[in-house]
Each structure stands twice: as structure tokens, then as C-alpha cells.
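Chain naming follows the written order as A, B, C, D, E and F, and within any one chain the residues start at number 1.
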Amino acid sequence: MMQHLIVFPVVLPLVAGILLLYQRQGLVRYKRAVSVAATVLLLLVATGLLRQAASDQVTYYALGDWQAPFGIVLVLDRLSALMLLVTAVLAVGAVVFACAGDDEKGSNFHGLFQWQLLGINGAFLTGDLFNLFVFFEVLLLASYALLLHGGGKARIQASVHYVVLNLAGSSLFLIAVGILYGATGTLNMADMAIRVAELPTEREGLVTAGALMLLVVFGLKAAILPLYFWLPKAYASAPAPVAALFAIMTKVGIYAILRVYSLLFGDTAGGLEALEQSWVWWLSLATLAAAGVGVMAARDLRLLVAYLVLVSVGTLLAGIGMRSPQAVSALLYYLIHTTLVTGGLFLLAEMISLQRGKAGTRLVKGRPMVQGAGLAMLFFVGAIAVAGVPPFSGAIGKALMLNAAEGTQRLWLWPLLLLTSLASLIALSRAGSTLFWRSHRGNISGSPLARRQWFGVIWLLSAAPLLVALAGPVSSYTQATADQLANPQVLIRTLLPNATGDAQ
Amino acid sequence: MLSTALYVTLALVVMALLMNLYRLTIGPSLPDRVLALDTMYVNSIALIVLLGLWLNSKTYFESALLIAMLGFISTVAVCKYILRGDIIE
Amino acid sequence: MTLLWIALLPLLGVLVPALTAQRGRSFCSLATAVLPATALVMTLLNVPALLDGEQLRFSVTWMPELALDLAFRLDGLSLLFNLLILGIGLLIILYAHYYLAKDEPFGRFYAFLMLFMASMVGISMSDNLILLWLFWELTSLSSFLLIGYWSYRSDARKGARMALTVTGAGGLALLAGLLLLGDMAGSFNMGDVLASGDVILADPRYPLMLGLVLLGAFTKSAQFPFHFWLPHAMAAPTPVSAYLHSATMVKAGIFLMARLHPAIAGSELWSVVVSLVGIVTMLYGAWFALMKTDLKGILAFSTVSHLGLITVLLGIGSPMAILAALFHILNHATFKAALFMSAGIIDHETGTRELKQLGGLKKAMPVTALLTTLAAAAMAGVPLFNGFLSKEMFFTESLATPVLGGVSWLLPALATLGGILSVAYSLRLVHAVFFKPAREEPPKTPHEPPHLMRLPVEILVVLCVVVGLFPAFMATGLLELASEAVIGSPLDFHLAIWHGVNLPLIMSLLAFVVGIALYWRHGNVRRFTQQFAGIDARRVFERILISIGYRSEQLIAALEGNSLQRYVGWLWLAALVMGGIGLVQITDLTGAAGNQPLDGILILGAVMLMFGGVATAATHRYRLISLLMLSVVGLFVALTFARFSAPDLALTQLSVEVVTMILLMLALFFLPQKTPRESSPLRNVRDMLLAGTLGLVIASLNYAVMTRDTLSISSFFVENSKPGGGGYNVVNVILVDFRGFDTLGEITVLAIAGLAIFKLLNRLRLFMPHSDGEGRVWSPDRYPAVLTSISMTLLPLALLVSAFIFLRGHNQPGGGFIAGLITAVALILLYMARGVAWAQERLDFPFQPVAVIGVAVATLTGLGSWLFGHPFLTSAFGYFSLPLIGTFELATALLFDLGVYLAVVGATLMILANLGKVTTAHRPVTETSGKDTDAAAATSSAKEPR
Amino acid sequence: MIAPRSWLPTPVLSILLLVVWLLLVRSYAFGQFVLGGSLAILIPLLTHRFWDARSLIAKPFALLRFIFRVLGDIITANFEVAYLIANPWRKLKPHFIEYPLMLEERFTITLLASTISLTPGTVSANLRMDGKSLLIHALNVDDEEVLINQIRERYERPLKEIYEC
Amino acid sequence: MSVIVEALISLLLIAGGIFVFIGSLGMAHLRDFYMRLHGPTKATTLGIGCMLIASMLYFWSVDGKPDIQELLITLFLFITAPVSAHLLAKSGLHLRLKHADKTQGKPVELRPEEVGDKPVPHPDKGHG
Amino acid sequence: MELLYAMTTGVLTACGLYLTLRGRTFPVVVGLTLLSYAVNLFLFSMGGLTTDGPAIVSEGTNYADPLPQALVLTAIVIGFAMTAFVVILAMRARSEVGNDHVDGKKEDRE
């Protein structure tokens, strides 16, 4: 069974989804049990895969026993293992939280949740460009469905924007994949890397067009500046567990950029080397600036967290834009931190809104909360972490990012990153003091929150201190990951041992 | 002889298709357009048949079958739409 | 290890009050004090080693990627600060025990206080720049919590946020500065950094780094112009003020300047900037201390002033100046903590801090009066008190320094002025509170506090006096160690009360005389200056923040604009730019393969397609017509596929096209039938240009690819289709075998679409038009008889065709997907012809399980290969012979395809039939004049779709 | 909905399906008979529930005769229509005719309506909701009564004999 | 392939083409919707039928074995074409499409319940 | 032939793009559908245009590139799923918001 471990992150949620979706009605308890068990199992699998990947070997799984480049392969390296683990950790928090009752606000929550995981995991594992498209569609469609879970005007309206934009993006994806296939004649990314390295000059323009259009698609998913507009409202209006899971969605785009461009346009790509870099770099800075403004402007906690997600997007993309192993290592550390913490904050926002009654998450004076102290403490931890203030993970991540910038990059990144941090700090302190300190006098009403909700939030937010305590091992893992990414030849040679050519 | 016949037929079908397009464009009424579209579907069966003859291949036979079947359903749907608005009720 | 424990014990102390809060306040206070007391003792136990000149260091690698080590040091400077932090901290715990009201959550207070103490100890002992920064920011956070402790008070909340914002901003600058510093020094280890002062000074980035670091220090230490947060932080409970603003928080900035002194202070820039900022701060603070009428306000501004004084000394930077600075840090901490606590006692006992409500308290509170007077004397620099000694040293250094070159007389003059003001406000404090009669009655009748609450003040005042009397005995050792840590070499000095009559003494005397006079006349001065007042720092600060928030909102609204059209426009523009960049790099658009010849039928197809496309766009306002035009495109796309050797695609396109049409029409019924003309002509032209240009780019790329040879991997598929996949139809074998994983994903997408649409249909409220676009009432003939008859005839035929298409898929055009769509369409025809109720009665199974079973079948087929030790989705096929029937092939691919078939049927029916059902249930029953038998269906209540 | 009675509810349909299957697969191997035969049994079993009434063909040979007659009429009809269309339109005398039905079953009415549409110059345009009469549009009619009689005798009566006796 | 067969096939093809053409011609140039309906219903159907039979004959003669699956499409067409026409005519009547003035026998005799009641304001009317 | 084909994809793409830039949901949906048709044609042609060479083994030696065909098939299916979802979303949006503007504008200038 161990040799099949790589395909588990796909098969497990797929089978769980089938079990959960077979009947729409049915025992709630049964569905919850299956869903949580599958997610926990996924966490175990992801842990196992991470250990496997930590050996620094690239392993792969040839589906249907068809070897690359002809069949589809799932590739496990440090990066994909890391992304899988982050997803699984996030999912455990979200799914347990959902079991407190959010799952019953509409139909088929758990099944769709599992299939969303299927899409995300598939996207992280696949080594094939078109298969990446398919998994993107799986995760997108599942996300559309989950976004609507529970209904409501705001959700529907946000969905229209989100769906139409992503549909347009999917068309563009196909065009880009088409061009790359037309120019190189293959879909396997490792094979494509070899072919890009040997590309005749007359085809360079084609590959450039394809690759840059692909960048637009990934940029849309990752929410880079002129393409991020769908994000704030979609994330702010999504049901809490879904919003939490969405914290990984932008990272799928970031992962895709990292994966595709480090593999295809590394130092063997000749004239095409790093063709995405300047775009990513400048647009990430612009994204960071816009996100900072958004953070200051947000008048609702959920919206605020959504803009904080955007801040993280800008930061992460800046890491890609710097294109050095050190920066990639920093961004990976930051990615773990921001995914889990913003996920936790989305859940926390829901709990706060439940306790505040009509005021919800709007940053206005509201009624005092029954469990205000506990929520305040969690908010404090999350806010500190996400704003990048010590002693939690955000601070380390930010320091790593700042430290990774070199030369003139610092001139741009430092002020922007520090200013957005300041904006986050100001906005979060305003939010916290309004939510927890500035309540109406009078009796406290409302009921205490479910244990599962507490678990979900604490599970995710405990990443903030843990990532600091384990900063050493974590960052050495990310550093090794970055080194592995900088040297894609290992991956290529593992997948295509017989490949000829001078792509070494 | 056969190829000449093929060309002549093709020319006739092409003209028929263009006339369908003409009616589809100018209407004036909705049923006119639907009629034109329906006829276009049927005429495109001719195109498939001629393609099969030209290539000496029956690979496209099912396409013709499907056009015949699905074109009809398509027309039914539009008619139902015109008559009742809700096509499945 | 002891170093680690010294640093960690206060941190662990955060947990103590949280755990013991339930067991009563006394227990909690005692328990809380245990750990810091231990840490203090451990610190003291290290003093002998320190005196022996040992290097006390502790270091554990934490995060090599960031050069972050868990590294602590204990040198003289750390010792000095640890003693202040822990010692005064313990006194504060004692004091707070009495200060806080009965019903206040003291556990939380102690926890915050311990957090603060821990972070200060951390700053003081950090031996790593990043670690230092971590603790630095932690002080900002814990002080935020402490200042906002009385969170129900608006001024507390605002003061807390202001402090956090200012010090947090400084902290961020500090991070940048420290990263630069570490970079310049080549190490983040404190020892290495302190040893590489020359390298640092020579680095071109030095001014930037210095600016950033000083920004951190100045904001923290409330130096002008960042001082404004400090007075507002007085909204905190007095123990907090006493702690934060005497011994700890504000001293952190001073500590930083002292700590990094060897590394960064050796420049002219340092001297000028630091001295100037210090002197301005000193005078500004002193002046406002004189003007304030709130007891804690006076103390706050006096703190600002004294911090300025210390800063000046650090700016001067000579060994003796540093000694003076360190000495004053010590002295200020003791007398200011005592004063704050006294103020707190007064506040506590009288219920007010306003000077005009206070007065003549010496009768009611004689001991407090005495203690306060003594502490104030120390602050004023009266001889025989510790404040006098360090102030004398300050005067001496101000005379000795060459900092301001030609205007070197300015510094002593300003120092004297500071002294004058200091005397005046100290005098005012004591006189107005204890001796002058009160103008108004205080809210409470004052009396002495419990003795233990006064004990911390007594201890501190005794220290002030003892140090003042016996400086050499009390402070020399500590200062020797501390100054050695800062300067780097032992300093030879002698602390004495009497230095003879010299210029500093004269300056002191001047300060006393003029200071007393100033206090005498200060009422006039106040009235004079009050006309300039009115700038409330907090209000300005808040207004700026509000304005930033408002501007941000405007900016983000302008950027985002909640307009999908704009978002999509950006997307296409981005695609255009990106595609265009690639396109312009293609020198020769027509590749080596060139064009194939053209024929008439191709032209016809192209004309039909282009015309259909343009017509779809042109008629988009008349939606049904636009749909018909779209249908033309769909049909000819299918024909194009057929023309270019893709029969499977042609079949798929045809079947999808009709389903799409039905779907779009189903939906269109519930949407407006026409689109209003609303876009401006300009916008239309702009959109056309964008669309046209991108279309051109896509076309060019398409052309460029097509006219080049393919270097595809596809020959593998053709060669292996039969031997490896068991099928002749390569496309199908790719779908179910070579790339079966894609197909599995694809049917999952389809199933999710069905589920998602089901969710959308739930609780759907519909606009049900009673008439069509022209206002015509709908035909009453729901199910035309001709149609009903024919649909039943067609169904078996369609199912047969569907089975045929399914079974041949592996070898001939066809397959599960097309077959599934045909089945679904045939069933939908029944729904159209006979109605939902009728069909539902006969198709009485739910669709969701069908779709899911489809995915399950495909998945299980894939999993089956595990049993044979093959990877997921490995196919198998074999040839079998049966008598009479002959040889036939059985392939797992067919099973997989069956999954596809079921998923398609289930999902399509979930989409179409459910939609039809939902809408029908809502149809108003206004036109049931017809006598058709199915009228009952219309009245059936709204049921959940399946 | 008719109740499932046996494993072969509609034998005629089954035979028809088998024939169609053989047409589709273009093979007359025994295996295809087996496969087609199973489908021909299976599909009616699955779809019988969609039939309102079993249409009994009373006189199969009459049906055949009817079919050939209609085929012949279709061909003549087409020449006629082609002639009419090719000629100047002024000569056309379009006509709406209300045709009173004597058939009662929906299925047979549909057959009649289809036949009318396929044959000379007529298109059945609307079936009254009460099923009593059929509106016919004729392209070129001089005498309404003649046409009605023609339809009645040539098509409706044979159909009634075949199905509804 | 014998000349006779080839000639037969060619003849059927061209006949089919002509019928298809005439069907569309009628649809394109006749004056009212009801008349336009006649061409495609009859001529086009027959035309396609001819071509299908031509194709059938062709492959029969090429492959040498009887292959009459084209009949299936013809069958389909003959079943469906009149129904489409019927429904289209019904739609036309429902929309009260104008018919040529000289048409005898008015379809307005349609009973009220079969064309619907008096027009009522459409809810979308306000939407343009 | 290739030139004409490319022109056709270009025109179809442009028309689809234009429609996606409209302000009402239904034209946008139609535009997305049209765009997906164009994209399918585009992707299909990435393997070159082959006459009389369906990729069915043993019927000659001239085979069209089967891989883009398989990709397009998948793309068609996924496109259908997406179209179905988005059009019903449009319906739902209209029912929730009261008009079919893509931004759900309150003031209805229709």
C-alpha cells in the first residue's frame, strides 16, 4: 500500500466524497464522522508524505502505469508535500468547525468539502499542465458550490463576480496550455522544461506568449493586483469554514506560479529564463500597496481578514518576484503561517459574529459577548500573528522576507511591507478594541459557542506560536525546499530518466 | 460523374444553407428564425453525408444521426419556449 | 542556563496569575511575585561572576535561516536594567495588590504585567538582534493591553491604540534597522555587532540604518516629536504608569541606544541628531509638565523631559556622559516610580488627579506628603538626593562637549533651562497637592492608604536618599559594570556629593533660584501660553487616522468599483498585454509548415461561424435570437470538428450544444427577455477595441502554431492505443486510459456542477412572467399532444442509440460521455413533452446517487488495479471466446466509461430536471382555464427538487 | 402508465429495436443478435412505464400498405411543392382548414398529423385541445371540402382501421 | 462500381441537392410564415432522404455488402420533421403571426383558451 | 486554410470577449459559451489541421493528433458544467437581487 501513498491525497477525499454524496439526506452524525475521519486520515497521509519528501528525493506516481511524459504523473517533492500538509491541517480545523452546525445550513457540505480538497491536492501533486487545469476546475467548481452554502444575497452577488471571472480565466488557461502544447508538443511539465531548454528561437515568442498568459491565469487565482478584485467580497461573504478553506485557494495560484516557472524557466531556459520575474515582482508590490489600503478601509472584520489575505498574497508573490532560494524559503515559511492563521481568523470572525448578534462582524459598537475573554485572547493571538508582530509566526515570516530581499529590491519591499504591517496593526487594534472593548453596557445575552468551534480556531491559531517554537526545523525544511526548486534537474531526471538533451 | 454530382450537390446544399442563414438573420418573426435554424440542422446532415462520400468513410455517420435527433429536440425546446415560456413544467 | 532561566521565569510567570486567579487575590499576588523574585535573586547571584569579569552568555541555535538564536547575555547594562525591571516590578505587584478595585479582574492584570516584565527582561538580556526585536515588539503589545486595561473607558482604548500605533511603527522601523545593522556587521550576534563599529560606520548604508534604529528608539522613549502618545498612556491604572513610564517601557529606547552605542554611536550624525532630539524633548516635556493640571499628566511630561535628558547624554557620548546617562536612568527610575505610586495613592484616596481639586493634603496624609516631597526633591535635583548627582554630571558634560561647535554655549544654557523648569514643576507638584489649600472638594475624603500599599514608595524614597547620600557606596559597583558594558572598557570615576564650587554647581543654584521664581509666577505664564494651546495631540492623531481610513475607503472604492465589467476588462487587458509581448517576439508569423489549400466548403464553414459569432454578439440585446445565433456557431463548430478528423469531438459538441441550448432557455425564462441599452457608445467602442485586439492576438498565435510542425508526443498514443490500451479509437483510449485521470476529474466536475446547481435551486424565489416579452399570455396547451406521442416513440430509439454509442466508444467514435448525454436528452424530451409531475412519477429515482455512483464506478475501476499491484487507474483488457458468439473484448476501460456514462446522466438530469421541477412548482396558476388533465401538476405545492 | 406484465411487454417494439440495432452496428454476427436482442428486451422493460396505453396494431398489413401509400404521396407531394415554390407566388391559394377528427387516440392523431404534414401542400398546424379537430394550413387549395375528404379517405380511415378499430 | 449504379447515385445526389435547395428556397422567399413552413417540412426532408439513400447505395457498392443504416437517419427525419413543423405552426398561431391576406379560412377562429387571454403587462416590460 | 481557420477563431473569440464585457448576466453567459467554443477550436488546432485522418487505428496512416482532441473533449465537458452552473447562478442572482445586472445594482436603469 505504501507505494500508493502519493495518490492517497487524491483518492481519499474522492472516496470520502462519494460516500458522503451518495445520499443527500441521511444521518448527520454519520456524515460528520466520515468527513472528519477522512480529513484526519488525510493529515496523517500528508505527514507521511512530508517525511518521505524530506529525504530530498523526488518520487512520483504514474497513473494508469503510463510513464511520463505520456501518462499523467503525480510528483512528490518537498514543495508538494508541504502544500499537502498545510492543506490538511487547515482542513481539519475547518471541517471540525463546520461540524458545529454550519454544515447543516445547506445541502451536501461535507461531500463538496472533500471534493474541494480533492481538487486542491490534485493541483499540488500533478506534474501535468492540462491535468492541473482539470484540478483547477474541480477545486473551483467545488468552491463555487461551497461559497453559496447557506445562501443569501451577498454570497450570491459575490459569487457572480467570482464565478464569471474564474470562468473567463479558465478559457485563458486553455488557450495558454494550448499554445504551450503547440509550441513544445508535450504537456508533462518536466518534459516541457527539457523542450524549452532546447527550444528553437523561432518558437520562443510562442512559449513566451503561452507562459505569460498562464501567468495571468495564475495571477487571477492568486489574486494579484489588477486581477484580485473578486477576492475581498467573495472571502468576506463565504461561510466561515469555507472561507477558512479558501485561505489555501490563493496559495494554489501562488504554488502554480512557483512550480511552473521554476521548473520551465529556470537557468536552463536560455533567453526565456525568469520571464515572469519582473511582472510578478512589480505587481506583487502593487498588490501589497492596494492590500494595505484595503486593510485600512475595511469596516468589517471579515472584509479586514480578506484584505489581510491579500496582504499575504502580495508578500508571497514578492518572494517569488525576488527569485532567490532564500526568498523562496522565506515565502514558504510565510505561506504556512498566513494560510493557517488567516484561516483561523475567518473562523474566529464567525464566532465573534455569533456572539454579537445583529452587529455581526461589522466594526461598530455591539453587545458584549458571553465568551468575550476567550475570543479576545484568540483574536489577540491571531491579530498579532497576522500583522507580523512578535512573538508569533508572522513576525518571523516577515523578517525572513525582509532579510531575503537584496540590493534595490529592499528599496521597494521594505517600506511597502513595513507600512502594510503598520496598517494591519492599526486596523487590527482598532478592530479588536471596537469588538472587545467598546461594547454596550448592559446584560450579556446569547449562548456559549460550541466546543467544535473553539477547537477549530485554536487548532489553526496554535500554528502561530508553534511555527515560532519550531522555527528552526520549519525554516530548514523550507530552505531545503527552495534549494530543491532552484535545481529542478533532479525532478526532471527522476521523471524522465531516459531524456536526452543538454538540459542539465 | 460521381464527383461532378458531388460538387453540384454540394453547391446546392451550400446555397440552401446560405438561404437558411438569410432567413435566420432577417426573421422577421421568431418562428421564422427557429424554422431556419431547424432547416439548417437538417441541411447540415447533407454536409456530413457528402463529407462521408468525399472521404469514402462512414466515420461521420453517427454525427448525422445525432444531428437528426438533437436538432429536433432543440427545435421542440424553442417551440415550447415560445408557447409556454417554461420548457419543462 | 541560569541566564535562560532569568529570561524565561518572568515569561512563565504569565501563566501563574491565570492559574491562580481563582484562589483569591492575596494568593495570586504572592504567587505571581515568586517567579520574578526568583529571577531577581538569580540575577544577583550572578553579580560576583560579573565582577570577576566573566562573560555571561547563553546561546541556542533557533533559526539559522534568520540568524535568530535564543541568545542571552548578562553584562553590566543588563544587570542594571534587570534590577530595575525586576525590582520595581516586584514593588508594582505589591502596590497593585492594593490599588486595584475589588471587582476588577486582577488575574488578567497580573498576566499582562508579567508579560510586560518578561519582554523587558528579554530586551535587556538579548544577545541577538532579531531576538531583541522580538522582545521589543512584545513590550508594545503588552503595554497596549495594560494601557487599555480599563477597556470600558474611551480614553484608555484610544490611549492604548495610540501607544501601540506609534511604538509599533517604531518597532517596524527598528526591524528594518536591525536587519540592516546585522547585514552590515555580518552577524546578528550582539557581541559581534558591538565589536564591528568601524565597519558599520564606514558602510554607506549607515545613515539609513541609524535613522531606522533611532526611529525605533525615539518612538519608544517618547522623544520629540513622537512623545505625544505617552501622556495619553496615562489612562492606564497607576501601577502600570508607574512601571511603564519610570523603569521600563520608555527606558527601552534608552536601553537600545545605550546597548548599541559601541556599534553605531561613533559618528557626528549620531551626536547631532541624538543630542538635538534629546534637548528639544527635555525642554518640551519640562514646559508641558509645568503647564499640566493633571497629576499624572505632570509626571508623564516630566518623564518625557527626563528621557530627553538621558538622550542628550547618550548623544554627547563621552564616557562620562554615558556614565551620567546610566546613573540618571537608575535615579529617574527610582524617584519616578515613587512619584507615580504616590500619585496613585492620592488618586486612590481622593478619587481625583486634578490639581484644582487637590490641596492641603499634608494634614490628611502626612506620610504620603513626606514621601512625595522627598521623591520630588530628587526629581528637582536637590542636593543630597540621587537626582542631584546625575544632574550635576549632566551639567558638567554639557559644558565639556564640543557637539554644537560654534554655539557650544547653547547646550549648557539649555541644560540650565531644563533644570529651571524641572525645579519649577517639582515644586508645583508638591506645593499644589499638599500645601496649598484646595479650590474644590475632592470626591472622597482623603486619609492614609494601607501601610503595605505605601511600602513600595517608602523603599524607593529610601533608595533615593541613600544613593544621594552615599553614592560611592551604593551605585559605584553597578555603574562600573554598566558603563564598562557600554563603553567597552572600565571607566575610572568617583561619585561624590561635593565637587567644590564649580560651574555645574552654579548652574544648579541658578536653576533653583529661577525655578522657584518661575513657579511663583507660573500662573501668568500659563495664562500666556494657554492661548497657544488647543492642539490636542490625541485628537490630531485620531483625525489623521480617521482621514486615512476615509481616504483608503475612497481609494479602494475607486480602484475596485464593484464592477464586474471592469474586472473582466482588466483580465482581458492583462491577457492582451501578455499575449502581445509574446507575439511581437515572433519574427515570422507563418511557420515552415505553411498553409494548406483552401476550398469552398471551408469558406462556407468559416462564413457561417464568423457570421454566427458576430450575430450572437450583435443581437445580444434580444436574448432568444442571440441564443439561436449561438446555436449556429455550435453546430458549425461540430461540423468543423468533423471536417478535421475529430468525429468524437463532433458528437460531443453536438450533444453538449443541445443540452446547453435547453439549459439556457430554461434559465432565460426567469431572466428579462431583452437587455436594456445601457452601455455608453464610448464604452461599447472601447470594449470592441479590447475584444477585437485580443481576438487578433489569439488568432495570430493560433496561426503561428498551426503553420509550424508539431513536435508532439502523440505518436506514442497512436502506437500504443491498441497494444497497450486495447482500443482502436485513440481519442477514447486517451480519455479512459492514458489520461483517465483527467476524465475522472472531469466527471467529478460534472457531478459537482449538479450538486452546486442543486444548492442554487434550493430556496430559489422566481420571477415568473405571466406573459411573454410582447405581453401575450402563454398558450394554455402545456403538453401538445403531437409532441407527447412522438417523445414516447423516440425514447426507446434514443436509448438504443445511446447504448450503441456507448459500446463502440473504445474502438469507434463514441463513448460514455456522448452516450450519457443522449440518454439524458431523451429523458429531458420526456420532461418537456409530458411535464415534470408525469415524468417524476415514472422516473422515481433520485439523480444525485446516479451521478455519484458514476464517479464511484470510475474510481473503483481505478482502485481495482491495486489488487493486482498496479498503480491507480491501470487498465486491463482481454479477449474472450464464447461458442456461437465468437471472440469479444472485455476491458476495464469499458467499466470506467460506464462510470462516465452514469455520472453524465445523473449530473445532467440533476441540472435540467431539477431546474424544470423547481420552476414548475412556482408557476402561478393564473391560466388554468384549459381543461387539460395535467392541470393538477401546476397546483402541486413546491417540493424540494431531487 | 401501463403495468409491467411480462418480460416482453411490447413485442413489436422489441423487434423494431433489434432491427435498428442491426442497422446501427452494420453487422449480422450472432453476437450482435444476442446483444441487440438483450437490448431489445431490456429497453422496453425500462421504458414501458412511459407508455400510456399499449397501441395494438390490429392489421399489420394494412399498416404496410398505408406506409407505402404515404411514401408515394410524399414523393408526389414534393414535386408538387417544388413546383409551387418555383412558380410566382401569386398563383398560390393558401388556406386554413379546420379538419374535424374522427380518430380519438392521441397516438393515431399524431400519426395522422404527421402524415398530413408530409403530404401534398398541407401542414397540420394545431390540434384543438379537446382533440376534436385539427387545424391545417394548405399551400394551394381550391376547394376545402375536397381536401378534407381526401385526407379522411386516404389517411384517417386506414389509420382508424389499423389502430383503433 | 458499375456505371448504372454510379449514375443512379449521382442522380439521387443531385435530386437530393435540388430538393434541399428548393426547400430552403421556399423558406427564403415565400411571403408568410405558414407558407414558408411547407418547403423545409417536405422538400428538405425528401432531399436529405435522397442523399442518404445515395450514400447507402454508394457504400453498399463499395464495400460489397448491404449496409442500410442510412435508413435509420431517414426514419428519424420522417418521424421528427412533421412534428417540428406542427409545433412551429402552433407557435406561429400562438404569436398570431400575420398570414397572407388572401389566405382563406382564418385561424383567428382559434378559441380564446387556445391562444390565451387578453394581453397583460409583462413584468419584464419595464426592463426594456 | 490555416489563415482562415485562425481568422475564424479570432472573430469568435472577439465576439465572446465582447459579450463577457456586457453589464447583464445573460449576455455574459452567452459570451462565455461562445468564448469556450472559440477556445475549443483554438485548442483543437494546436495539433494541426488534418483532413481525413481520424485517430482510429488501422484506418490508414494519416492520423490527426489525438491528444488535443482528448483535451478538447475534456474541455467541452468542463465548459458545459461551468456554463450550467453560471447560468443558474445568474437566475438565482436575479431572484435574490431583483435585477440581472452583473453587479446587482440597486438602481435599475432599465
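Everything that follows uses one rule, which is that a contact is a pair of C-beta atoms (placed from the backbone, for glycine too) under 8 Å apart; a residue touches a chain by one contact, two chains touch by 3 or more.
By chain, with names taken from UniProt: A = Monovalent cation/H+ antiporter subunit D; B = K+/H+ antiporter subunit F; C = Monovalent cation/H+ antiporter subunit A; D = Na+/H+ antiporter subunit E; E = Na+/H+ antiporter subunit G; F = Na+/H+ antiporter subunit C.
As the structure is a computational prediction, the values presented were derived from the model and not from experiment.
*Asks:* Which chain pair is joined by more contacting C-beta pairs, C-F or D-E?
*Replies:* C-F
*Asks:* Taking the mean of all protein CA atoms as the centre, name the chain whose own CA mean is closest to it.
*Replies:* Central by C-alpha mean position: chain A.
*Asks:* Starting from the Cα centroid of subunit C, hunt down the chain whose centroid lies farthest away.
*Replies:* D
*Asks:* Compute the distance, rounded to whole Å, between the mean C-alpha positions of subunit A and subunit C.
*Replies:* Those two chain centres are 16 Å apart.
*Asks:* Where the CA atoms of subunit D average out and where those of subunit F average out, how many Å apart are those spots?
*Replies:* About 39 Å, centre to centre.
*Asks:* Roughly how far is subunit A from subunit B, centre to centre by C-alpha average, rounded to an integer in Å?
*Replies:* 48
*Asks:* So the centre of each chain is just the mean of its C-alpha atoms; given that, what is the distance between subunit B and subunit C in Å?
*Replies:* 60
*Asks:* Give the residues of subunit E touching no fewer than two other chains, as numbers and ranges.
*Replies:* Where subunit E meets two or more other chains at a single residue, that happens at 18, 25, 37, 45, 67, 69, 72, 76, 79-81, 83, 86-87, 90, 92, 94-95, 113-114, 127-128.
*Asks:* Among the residues of subunit F, which are close enough to touch at least two other chains?
*Replies:* Residue numbers touching two or more other chains: 20, 25, 28, 40, 42, 46-47, 51-52, 54, 56, 67, 74, 78-79, 81-82, 85, 89-90, 92, 96, 99, 102-103, 110.
*Asks:* Residues of subunit D that touch two or more other chains: which are they?
*Replies:* Where subunit D meets two or more other chains at a single residue, that happens at 20, 24, 26, 110, 113-114, 124, 127, 129.
*Asks:* Mind pulling up the subunit C residues that touch subunit F in the complex?
*Replies:* Going by the criterion above, the answer is residues 562-565, 568-569, 572, 593-598, 602-603, 605-606, 609-610, 613-614, 616-617, 620-621, 623, 626-627, 630, 633-634, 637, 640-641, 643-649, 652-653, 656, 659-660, 663-664, 667-668, 670-672, 675-676, 678-679, 687-688, 690-692, 694-696, 698-700, 702-703, 705-707, 710, 712-714, 717-718, 721-722, 728-731, 734-735, 738-739, 742-743, 746-747, 749-750, 752-753, 756-757, 760-761, 764-767, 811-813, 817, 907, 911, 915.
*Asks:* Note which residues of subunit B are touching subunit E in the complex, please.
*Replies:* 1-2, 4-6, 8-13, 15-17, 19-20, 22-23, 29-32, 34-36, 38-39, 42-43, 45-46, 49-50, 52-53, 56, 58, 61, 64-65, 68-69, 72, 75-76, 79-80, 82-83
*Asks:* With touch defined as at the start, can you tell me which subunit B residues reach subunit C in the complex?
*Replies:* 10-11, 14, 17-18, 21, 24-25, 27, 30, 33-34, 37, 40-41, 44, 47-48, 51, 59-60, 62-63, 65-67, 69-71, 73-74, 76-78, 80-89
*Asks:* Residue numbers of subunit F touching subunit B in their complex, please.
*Replies:* For subunit F paired with subunit B, touching residues are 51-52, 54, 56, 59.
*Asks:* For subunit C, which residues are in contact with subunit A within the complex?
*Replies:* Its residues touching subunit A are 61-66, 68, 108, 130, 133-138, 140-141, 144-145, 148, 151-152, 154, 157, 160-161, 164-165, 168-169, 171-173, 175-176, 179, 545, 548-549, 552-553, 555-557, 559-560, 562, 564, 566-568, 570-575, 578-579, 581-588, 591, 697-698, 701, 704-706, 708, 710-714, 716-717, 720, 724, 737-742, 744-746, 748-749, 751-753, 755-756, 758-760, 762-763, 846, 848-849, 852-853, 855-856, 859, 862-863, 865-866, 870-875.
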